[in-house]
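Several structures are given next for inspection.
What follows is chain A paired twice: with chain B in the first complex and chain C in the second.
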Partner chain A sequence: MQDLKGLKRVETMLRTDRLARMKELKKEGRTVMGYMCCFVPLEMLTALDIAPFRLIGDCEEVTTEADKYLETIMCSFLRSAFDLAMKKTFDFADGVIFTHSCDSVVKTWEYWRYFAPNQFEWYINVPHIVKASSERFFTKELLRLQKALEAYTHKEMTNESLRKAIRLHNRNRQLMRNLNEFRKENPPRVSGAEMRKTLLACMSLPVEEANSLLEEVIAEVKARVPLAPPDRHRILLYGPEMDNDFVDLVEECGASVVIDDVCIGTRYYAKDVDWGIEPLDALNRRYLEQMVCPRVYRRPDENKLAPGETYERQDDLDLRLSYLRDYAEDWKADGAIMYLLRYCDSHEFDAPDVRDYLQEAKVPVLFLEGDYMVTKEQNKTRIQAFLEMLDA
Partner chain B sequence: MAEEKKVVKVKTTADKSTETSKKAHLLVRKYYHEAAQALQEGRPVAWLMASTLCEEMCRAMDVTPIYTENFGGTAAAMQGGIMLCEACEADGFSMGICGYARVGLGHSKLRQELGRVDPSWPNGGMADPDLIIGCSAGCEPRYKWYQAQRRYQQVPFLCPEILDTYPVGMDPDDLEDYYVELLVAEMYETKALMEKHLGKKMDMDKVAEYAEQSERTRNLYWKCDEIRRAVPGPMPVEDMLSCMPFGFFYTAFKESEDFFQELYDELAARVKNGVGVIPEEKLRILWGWGLPPWHYLRIFNYLESKGAVAVMQECYTNFCADDCSQYSDPFERIARYQIRCRNHGHKEANARHLGVDVSRMISYVEDYKCDGVIQHALVSCRQRTIGQIASAEIMKKYSTIPVMSFQSDLVDERTASQAEINQRLDAFLEVAAVEKERRQKAGLL
Partner chain C sequence: MLTGGIDIGSTMTKAVVMRDGEIAGSEITVTGAEHRRTAHLVMAAVLERVGLKLDDLDFIVGTGYGRLNIPFADRQITEITCHARGIGSLFPQAQTVIEIGGQDCKCIRVRDGKVTDFAMNEKCAAGTGRFLQIAADMMELTLDKMNELALNAREMVPISNYCAIFAQQEIISDLSLDIPADVILAGLFDSFARRLLKMAASLKVVREVVLTGGGSKHRALRAAVENILGYPVRLPAEPLLTGAYGAALLAAEQVQRAGRAGGTRKFAEVSVG
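Take a look at the complex of A and B:
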């Protein structure tokens, strides 16, 4: 498969076995580990020569094993990932790392480690609130992770190895952002579906190989003629774990997804790890303070307020959501689609604010609630109606 | 003129067994009225979540607390939850988010629209707060709810980072100190912000007194659960759910300690005299995972009508009888006590390679001599629902007693029918009785 280049390789990886390369590496003696969610500092794994891959579900595979252990009134993405774990999809890995991302992940972790145990199992208790004491706590969590990984691999994580890993992952994120820039064009030179697939492929390769693949994809995209006619509606997609084919569905309906705010999307690559400070401090900043996710609570500085005063609601909204307005402006989105996975509490709590904020920024919004396995016909009708409304 | 059709409310609350628990709702109502009075008199009121670790600070600052999660349960029990949920959902919030939060958000939305709290709302509604204090402990709604609350209410929102639960599988000896360090730092920040917003200094001697008070209350609360191991069970779950607010929320009140002392004395007398909840206790039930259906607390009376008593519950328990008085900083004392309570049984759970909740259930089944476990899957609560099926599977390795789950919600009665729930209970109790008979015949009981 490594003979294939660029988007062909991406397509083939996803059509056959996304994790084939990881399995090869494992056979060659490399340590490989699965990780759940955006909060795992991959740089620490790379620094110890561990190849990390993202744990995701499979929206084309009916969940059967998960039904025996997990309720239906929870995140369907996690149920699907757990289903794959029970079907031994990730058994080849040396370990798995989970984080305190949301209530569903916390509880799933408890049963994942019981029913689908791995040699190395770790959980990072990521704080929720951006503030100094949380950052101190998170530093201790990162140090504990470092010690545990060093003990498992019998290797030392030096500042030098960590810096090298940061450089590689920053390069990876930069390349993803470069690719994303092509979506600013009208028509976009790369589709939302291609972006999703490329990112998924990169999440299934060691970072050096992912960077090479991205360079190939970028060269290929740069050389191609624009993909779609220029009159398609330009959509901002908002949602949680969206490695499923929802993006493809929106594009099949005749729009272009030109920018996203989803977990398997810009949330993964929008921010780099700072270069000029101590590596662990930089990781702390990147994975807590700078992480855009509704489960992270940030607010204007309370200490600057006068007694009895509270910050203005608009300040709160701007601090939490202005990046969405910027995305819509910079990528010239003329509509937004929010696709929330049912029972994803942190996104559901934010939904009315996100909807209102975008609408106030004159971005019309379609708000859909559904499952990881997208119900195509029903959603198609609503998306088409929304696009017709944008026409008017 | 046609006669106006009268809406007849069917009783959904439970009849209590113990005399002390019958007084509980009056005390809770009194606290709501005190908050309304405080508002009228210009004294500060705070809305709080459980686990904010602010109860003692509020008392020391003469702030009247309203526990908004408690209001959610109360509203459902008083059949006033749906109207508030619907008001929240009309603004675009999903029916899947926490039922307590929907009640609270709906309350604030209607309060904003009406310009006042309607006295016909459950317990007269919640008085307007001067502060709202959420936290990150336990579940996401504890901070996301109050963040969303700002759609309707512009008051200072304090949100301490309270990470008080150890991750599954981690060694507690490695964790206590730095978890405590976080909690103490957060309490000092909360103190500074409360002082700033309320314009006065917090008296730390008073905080220390209230910390001691809280421990006494919580230890008595724990003792009341311990004595419930007796056969026949002296107190059913529905009674403890009425008493829970004093051991879970209003812990720094001397009244709460007195309440539990009275309850303990009553339970001790019942145990001594062999007085149970019903004349013949045929089956002993553990109320396993999941919070209660506040909209249908009569479910427990239904069980009793079939000879089954819910003798213990997994939720709202307190564990620690540790003396934390050696910690001179009252915040450290509160933090240590909290951490040790929350993580009680963690080592035992690690040895079983399990989470602490499932591990506790396994212990409860044995300690309280249970014949069956009933779990309540809550449509609007991930934290107390995910893993109920898995835990039933795990428990098979430890016990042959049956485990059932039924689905409804903590607040939202639209999610289930009582008749269907009862039907499922009937079948479950039959299975539990057969299994009990088998164990008796096999000499296992």
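Take a look at the complex of A and C:
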């Protein structure tokens, strides 16, 4: 498969076994670990020569085993991922790392450990609130993770190895951002579906290999003419863990998804780890303070208020969501589609704010709610009607 | 100019033929299992009525849930856009359209016949014509009788379940408590109207409000909606046809945009959007 290059390799990886390369590396003696969510500091794994891969579900696999333990009121993404775990999909890995992404992930974690055990199992307690005390707490969590990984691998995580890993991952994110730049063009030279697939492929490879793959994809995209006609609507996609083919569906309906705020998307690559400060402090900042995800709550700094001054709702919204307005402006989105996974309370709580904020910024919004396995026809009618509305 | 609109809904299929901005003829039939066959039959029926052939039409827009199964349609446009267009033409003051279809319902905010926002119900039967049909069947009433009873009821018991099947169980339990049918039915229509307005609430319901779709023919439903809103709503003369009518109007706009009327229906080059 490694004979294939660029987007061909991406397609083939996703069509066959996404984790084939990880299994190969494992056979060669490399330590490989699965991770859940964007909150795991992958740099720490890379620093110890561990190859991380993202734990996701499979839209084409009917969830059967997971439903014996997880209520159907848990999000369908997580149930699908746990279903794969119970079907031994991730058994080959040396370990899995979870984070306190949301309550459903925390509870699933307990089942996961029991029914799909791996040698190394770790849970990072990521605070939900960004303030000084949570930063202190998170530093300790990062140190605990470091010690545990060091003990497991019998290696030492030096400042030097960590810095080297940070450099690699920053390069990784920079390349993803470079690829994303092609979506600013009209018509975009890379589609939303291609972007999604490339990211998924990269999250299934060690970072050095992901970087080579990205370089190939970028060279390929750079050399070609745009695929889509220039008059398509440009859509900002907002949602949670969207490795499913919802993006593809929007594009099948005749729009281009040009920018996103989803987990398999900008949330993964928008921000780098700060190079100028101590590595652990930099990781702390990157994976807590700078993380864009509705499960992280941040408030305006009350210490900076003048006496008698108060924060209004708009200040709160600006603080939390102004990046969305920037995305819409910079990528010239003329509409936004929100696709929420049913029962994802983190996103559901934020959804009215996000919708209001975008509409306030004169970006029309289509709000959809559904499952990880996207039902095509019902959503198609809604998406097409929305595009017709943008036409008018 | 001659245009056609055809709307294949989950339950009923509707066709409208328009001549120079006026409805020349229309036809309504049950959708059934064979969409393509139904599409042909319903269009043939209208054309026969107005003495035209398919090739006489300048442009045909297909809409509704079966819109992809209309081989002779020149373009597909969603029922949301078509209903908005149809209602916009019938009621220029309309701001909110609530369409109650056989198996879904939608709320559309419109301005000058154009969609500004919309919401659709989830995939279950709650808030759809099917829900009311199930209730009528289980109480062994005609739809007309059901409405009459509900309209004349002096009190109501609320139905708390939105799910058609759970609501059915609730009705059975009410009947076993000897609650009179009219009291149950009044509650049923009230809950139904609340369900519709709840869906519409995220878009803000603004006057004029127009009800349309087959479900809006339930007089008791209209009364319940008006009762909750506190003001009258409007209803087209034939609520089943607004989608097909809007489709035929949009077809005419397509022809105007292409700048050529008359002749055969060969419009591959008509611009989209």
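As a working rule, the second predicted complex is superposed on the first by the 386 of 392 C-alpha atoms of A that agree within 3 Å, B and C clash if a C-alpha of one lies under 4 Å from a C-alpha of the other, contacts with A are read in each partner's own complex, and residues count from 1 in each chain.
We adopt the following convention: contacts are C-beta pairs under 8 Å (C-beta built on N, C-alpha and C of every residue); 3 or more make two chains touch, one makes a residue touch a chain.
The shown structure was predicted, so the numbers you read here are calculated from the model rather than taken from an experiment.
Q: Using the superposition on chain A described above, determine whether A:Arg224 touches chain B (first), chain C (second), both, or neither.
A: A:Arg224: touches no partner chain.
Q: A:Phe115 contacts which: chain B (first), chain C (second), both, neither?
A: A:Phe115 sits against chain B, while chain C stays out of touch.
Q: Is A:Lys88 touching anything from chain B or chain C once the two structures are fitted on A? First, second, both or neither.
A: Neither chain B nor chain C is touched by A:Lys88.
Q: Applying the document's definition of touch, where does A:Gln378 land relative to chain B and chain C: first, second, both, or neither?
A: In the superposition, A:Gln378 touches chain C alone.
Q: Considering only touches as defined above, state whether A:Met389 meets chain B (first), chain C (second), both or neither.
A: So A:Met389 only meets chain C here.
Q: Comparing chain B against chain C, which has contacts with more of the residues in chain A?
A: B
Q: Please indicate which partner A:Arg299 is in contact with in the superposed arrangement: first for chain B, second for chain C, both, or neither.
A: first
Q: Which parts of chain A are in contact with chain B and also with chain C?
A: Comparing the two interfaces on chain A, one with chain B and one with chain C, the shared residues are 367, 369.
Q: Can you name the residues of chain A that touch chain C in the complex?
A: By the definition above, chain A touches chain C via 231, 364, 367, 369, 375, 377-378, 381-382, 384-386, 388-389, 391-392.
Q: List the residues on chain C that touch chain A in their complex, please.
A: Interface residues on chain C, with respect to chain A: 65, 77-81, 114-120, 122-123, 202, 273.
Q: Using the touch definition from the top, list the residues of chain B that touch chain A in their complex.
A: Spelled out, the residues of chain B in touch with chain A are 91-94, 96-98, 101, 130, 136, 139-141, 143-145, 147-148, 150-151, 154-161, 163, 167-170, 174, 178, 181-182, 185-186, 189, 193, 196-199, 353-355, 358, 377-379, 382-383, 385-390, 393-394, 407.
Q: Per the contact definition, I'd like the list of chain A residues that touch chain B in the complex.
A: 68-71, 73-75, 100, 102-104, 106-111, 113-115, 117, 121, 123, 125, 127-129, 131, 133-134, 136-137, 140, 144, 294-295, 297, 299, 302, 305, 307-310, 312-313, 316, 340, 342-343, 345-346, 348-353, 355, 367, 369
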